[in-house]
Amino acid sequence: MVINPNTSESMTKHLSEALNKIKRSDTMLKVVCAEKGPETIDSAYHEVATILPTLEWVRRANEEKFDAIIIAAFPDPGLIPAKEISTIPVVGIEEAALHVAAMLGARFSVMTTLKQRVPSKREHVYMRGLEHFLASVRSLGQPTAENDADPEGTKKKVVEEGKKAIKDDGAEVIILGCAGMAGYTSDIETELGVPVIDPASVALKIAEGFVDLGLKHSKVGLFATPPANPFK
Amino acid sequence: MVINPNTSESMTKHLSEALNKIKRSDTMLKVVCAEKGPETIDSAYHEVATILPTLEWVRRANEEKFDAIIIAAFPDPGLIPAKEISTIPVVGIEEAALHVAAMLGARFSVMTTLKQRVPSKREHVYMRGLEHFLASVRSLGQPTAENDADPEGTKKKVVEEGKKAIKDDGAEVIILGCAGMAGYTSDIETELGVPVIDPASVALKIAEGFVDLGLKHSKVGLFATPPANPFK
Amino acid sequence: MVINPNTSESMTKHLSEALNKIKRSDTMLKVVCAEKGPETIDSAYHEVATILPTLEWVRRANEEKFDAIIIAAFPDPGLIPAKEISTIPVVGIEEAALHVAAMLGARFSVMTTLKQRVPSKREHVYMRGLEHFLASVRSLGQPTAENDADPEGTKKKVVEEGKKAIKDDGAEVIILGCAGMAGYTSDIETELGVPVIDPASVALKIAEGFVDLGLKHSKVGLFATPPANPFK
Amino acid sequence: MVINPNTSESMTKHLSEALNKIKRSDTMLKVVCAEKGPETIDSAYHEVATILPTLEWVRRANEEKFDAIIIAAFPDPGLIPAKEISTIPVVGIEEAALHVAAMLGARFSVMTTLKQRVPSKREHVYMRGLEHFLASVRSLGQPTAENDADPEGTKKKVVEEGKKAIKDDGAEVIILGCAGMAGYTSDIETELGVPVIDPASVALKIAEGFVDLGLKHSKVGLFATPPANPFK
Amino acid sequence: MVINPNTSESMTKHLSEALNKIKRSDTMLKVVCAEKGPETIDSAYHEVATILPTLEWVRRANEEKFDAIIIAAFPDPGLIPAKEISTIPVVGIEEAALHVAAMLGARFSVMTTLKQRVPSKREHVYMRGLEHFLASVRSLGQPTAENDADPEGTKKKVVEEGKKAIKDDGAEVIILGCAGMAGYTSDIETELGVPVIDPASVALKIAEGFVDLGLKHSKVGLFATPPANPFK
Amino acid sequence: MVINPNTSESMTKHLSEALNKIKRSDTMLKVVCAEKGPETIDSAYHEVATILPTLEWVRRANEEKFDAIIIAAFPDPGLIPAKEISTIPVVGIEEAALHVAAMLGARFSVMTTLKQRVPSKREHVYMRGLEHFLASVRSLGQPTAENDADPEGTKKKVVEEGKKAIKDDGAEVIILGCAGMAGYTSDIETELGVPVIDPASVALKIAEGFVDLGLKHSKVGLFATPPANPFK
């Protein structure tokens, strides 16, 4: 199950098409989107508003015995609580993208949407211990909805900022930390001459691998099942 | 306004009493608790379940023109989005406690509830750049509700684990990362011979200081006001 | 007791006026300055020359049973030995400013005097584990005495460098690591649009809070009382 | 192509069997071993002795247009030069294991062979920025050849040291940094109650994913093609 | 010129004898001790009390055109201001010992005097970026004067704590961060089986090398000459 | 014994002349070069190709009972295995240069050859824990052979890039991480006004000091003697 934490149906459709193209033939995908919450995520406030609807899908995926869950928004909203309440593997597209990027070059740059989102991306890289491998976070200067509405224009901006990241910041790999770019990876790669990572695609491959190996997240510490505290 | 993110009325009452004892005479406190959500927080899942009700109080505090807001649960649930949606200062009790502890000794230990909560506390310290000053995180081996229900027993456990933290881990300061201990700080301090930090008290003093100085969090980057994206 | 470690009477007077404006009504301040040593601090050599006269005041403050001590020069000269010989709380204005800045934004910049002082400021931030939150240290290009003599000109320089720090370095908070600016904080804040921290003011509020709570630094390790070794 | 950098035919055979069991049905594996060099790797000296024979296989894999290359010894001997001389993706089993472990729990422990190998494992984790996630490196107290010769005895030792890693060091995930354990992962997992990572298996899944996505390492910096300097 | 920052004549004599044994035949040593200040250094307070008398000797060494200066007390008191006021090279015995130790093994342990000195040693290692290479700081449980008065007893304690450092903390190198042990290095080395560093000896060799090469510290930033501010 | 890991006779001769000028009168040098392998090192591939021939010389130096060994190529090829197989001290010119640079200024810059070598230099600094002290790595834009062939032109480039490192990156010390510059250090120093480190010279002085003191690397962990595994 691939969960789009926002409520944008066009993004969910786009995501579904992109992932279906690159999935293995024996992988069955169900791509869902949150039933409530913001249409796009442009702040921590939007992030937290997506968490409970996302966890609701995580709960259902466990009930329905899916093999693996992907949380498909770049800030990985709700990833830790999702792993807590799930006994099936959960992969965040941000965590997958960052770890894979660190294998593909000495330093990577992350493309994000609005300028005010730069610090939070940097924090996420730091939290994963990978700040040493971060060349820069660069903003495209427009919110998620505009990225989604104008893929061609966004592609041009990614290429422009990507070139600066490579030349000025020493980036050897580019991560698309913004929606709506899944189908354009190879075009951008051709123009930039470095690997360009679509986080959702990478997460799907990691998830397929986990299922093949029977690998799951650990349940003894950070992701231990929550006790059944009373709720009001 | 002091917001208790959980829905436990006894904890809210206890918190209110403790803070009223140490507030400045000209400070007026309103201590509220979340209207929905878990009674106590023993997992990231519980944490995220408290965020939206907490943010609702943050919104009201802004409307009603409070001078400052304290989020009074140790994991600082919703602190970043709260700062995003607020133009009045917001202080998390965890951030206040960690920064003050780093001024009072070479290394501090954090007391937490269940053993499975240890990794998340360590992550929070790391996120604030203060891992170098962390002697250890030690668990009392019981959930928040038991801490709250049996303050005398909890006090004994804190003293016992605190002694080990000082002797074995090199702690010079103890942080009470668990509820229900506010009134017992000085007893524990006497037994341990090192400073013992009650996070809510420290946060109140930081908040009073911010108000005196007119200091607020920055609104240009990490805490910028979210754009008004459509919600479903 | 607020100790100005240098021997400049004009700076001491300025400091006294500024702090008296923002102190709580029930706080009584005694602002003193070192009786010997350099008039202004523009090197580590000047710093160390201020330490023994500063410690002499720390000794007297303990004798006279003050509630708290503030060491009011930005490099915090003698802060560790002061905490060693004092059983009443000692707050350094640099440590207070850095920790508070880390709560108010993702990254802060420090304004300093001469260009050659930049590396030592960076080292101080690193020592406190806060390098991750440092956007930059920027020099105003003039020694402390000139800052003090020409507050209007200095204010202009702070605004100019502050704008670069925000735009080029990603600063969200500005720390005035230079004397003589206490009364100008709000003007600069208005021009820059981000929080501007006057370290002495923040230290006063932290000290008031410590006194309210009875909090003191730990005496078991880094700040243990020195043994009475013989002196020549 | 899976390259075993040492010259042990029994280990190569064991590796081939283990990977063939977990490969995707449409993946074709060629498992080769170095033609010269040490039979097992128990020092940096042995490591460097395996590099040129390993690179020879990397060269051939490029000539024969394989889709991806796996270097299948835990210290990843020759990984950086292999990526330099290869335009097809190269995956090291150590890098794959460490990054995946960091997604599956708050902290992992690495099992190694001789006690004197502990520091080099720690260095490898540090080089990848993942030291924050390292609980410990633990030695089984015997060289690689003995691990390989006595899988049942080795399994017992892994379980014993793994239990200590979980209890005393806070490990939530165990990495088998030692040969000959590929077929025993699930047994050990059952006994330990935490995820146990076989590095070669994880690397195979990462490599399959890279091929599906057309992802390759960057050729513009750390892994740029070497200039054709003259050799003697 | 070798400056002993404390006023103990017996330690100065001991130091002089030890260094004269290992100096090069063409090196001429003048070993001096501070004319005022504490006899031994067991706190930061003692440290700062030694700085001005030490700097007085640094000034004289510059006047008398010595080739190099060694500050011969383990905390390197006044090292930064000494480099500021000196145009001839200044070597601290602590900085020399730590950097050399990092070349000789994966991790080192520092032996110190009183237990309360442990945190400050750890801070010094951290300041030099070498915390990753620190196995532990271990206390001998007695002040400097006792070390000096009873070298045989101290030697036994060093061996005892050194064995624990090697076995329990993973130390591969031992640094004698305590006075009076210079002549005993090789005995201790024999008993421990790992390199044992006498900081003063290592600093002498670094200083001899600097003189041979004409290498001096940089005067453009951290160690720039102080401006001539007025003193009271 | 000084081992030049590459096979360039002109570089070996140049190195021999430079070191003979600055060696102590009682030091006897044998400068050798690898018998096989690349003439110059411009990639990790070239590095690893030099290791076995270098280790062959290390073995002979041990047989012939030399006092110390210097590996004289900036990436320190084979340094760890050389220390493993040697019981006489081995000094790498890169490790010596980096540690000494960290004593001479707040931050240093490393000059390297081709632009694609920048990331690997940065990694080496990081591995030694000294990244905090790294101002920048700057490329001269030409391979090693050109540096060697045109020392005057290279000197000009070093001065040009060195000026940028000082002005733009905050470098206080320059390390010549490129061959053929040994004789030009003092010229460059005069033009730049900061210390300029020739790594081979510094390594020689460190080695002379180790011999004087009888200091050797530790043989209990990272550099333990390899077990005698069978080779094919």
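In order of appearance the chains are A, B, C, D, E and F, and numbering begins at 1 in each one.
One rule holds in what follows: a contact is a pair of C-beta atoms (placed from the backbone, for glycine too) under 8 Å apart; a residue touches a chain by one contact, two chains touch by 3 or more.
The structure presented is a predicted model; accordingly, all values stated were derived computationally and were not measured.
More inter-chain C-beta contacts link the pair B-C than the other of B-E and B-C.
Rounded to the nearest 5, the angle that brings the Cα atoms of chain A onto chain C is 120°.
For chain D, the chain with the farthest CA centroid is C.
For this pair, chain C with chain E, the centres built from the Cα atoms lie 30 Å apart. Look at where the CA atoms of chain D average out and do the same for chain E: the two points lie 43 Å apart. Per-chain CA centroids place chain C at a distance of 51 Å from chain D.
The set of chain E residues touching two or more other chains comprises 106-107, 118-120, 123, 126, 131-132, 170, 172, 220-222.
Touching pairs of chains, sorted by label, consist of A-B, A-C, A-D, A-F, B-C, B-D, B-E, C-E, C-F, D-E, D-F, E-F.
Touching chain D in their complex are the following residues of chain A: 22, 24, 91, 95-96, 99-100, 102-107, 128-133, 166, 170, 172-173, 186, 193-195, 197-198, 201-202, 205-206, 208-210, 212-223. Those residues of chain F lying in contact with chain C across their complex are 106-107, 132, 170, 172. Partner chain B is touched in their complex by these residues of chain E: 118-120, 122-123, 126, 131. Those residues of chain E lying in contact with chain C across their complex are 7, 34-49, 51-52, 55, 78, 80-81, 84-85, 114, 116, 118-120, 123, 126-127, 143-145, 220-222, 224, 226-227, 229-232.
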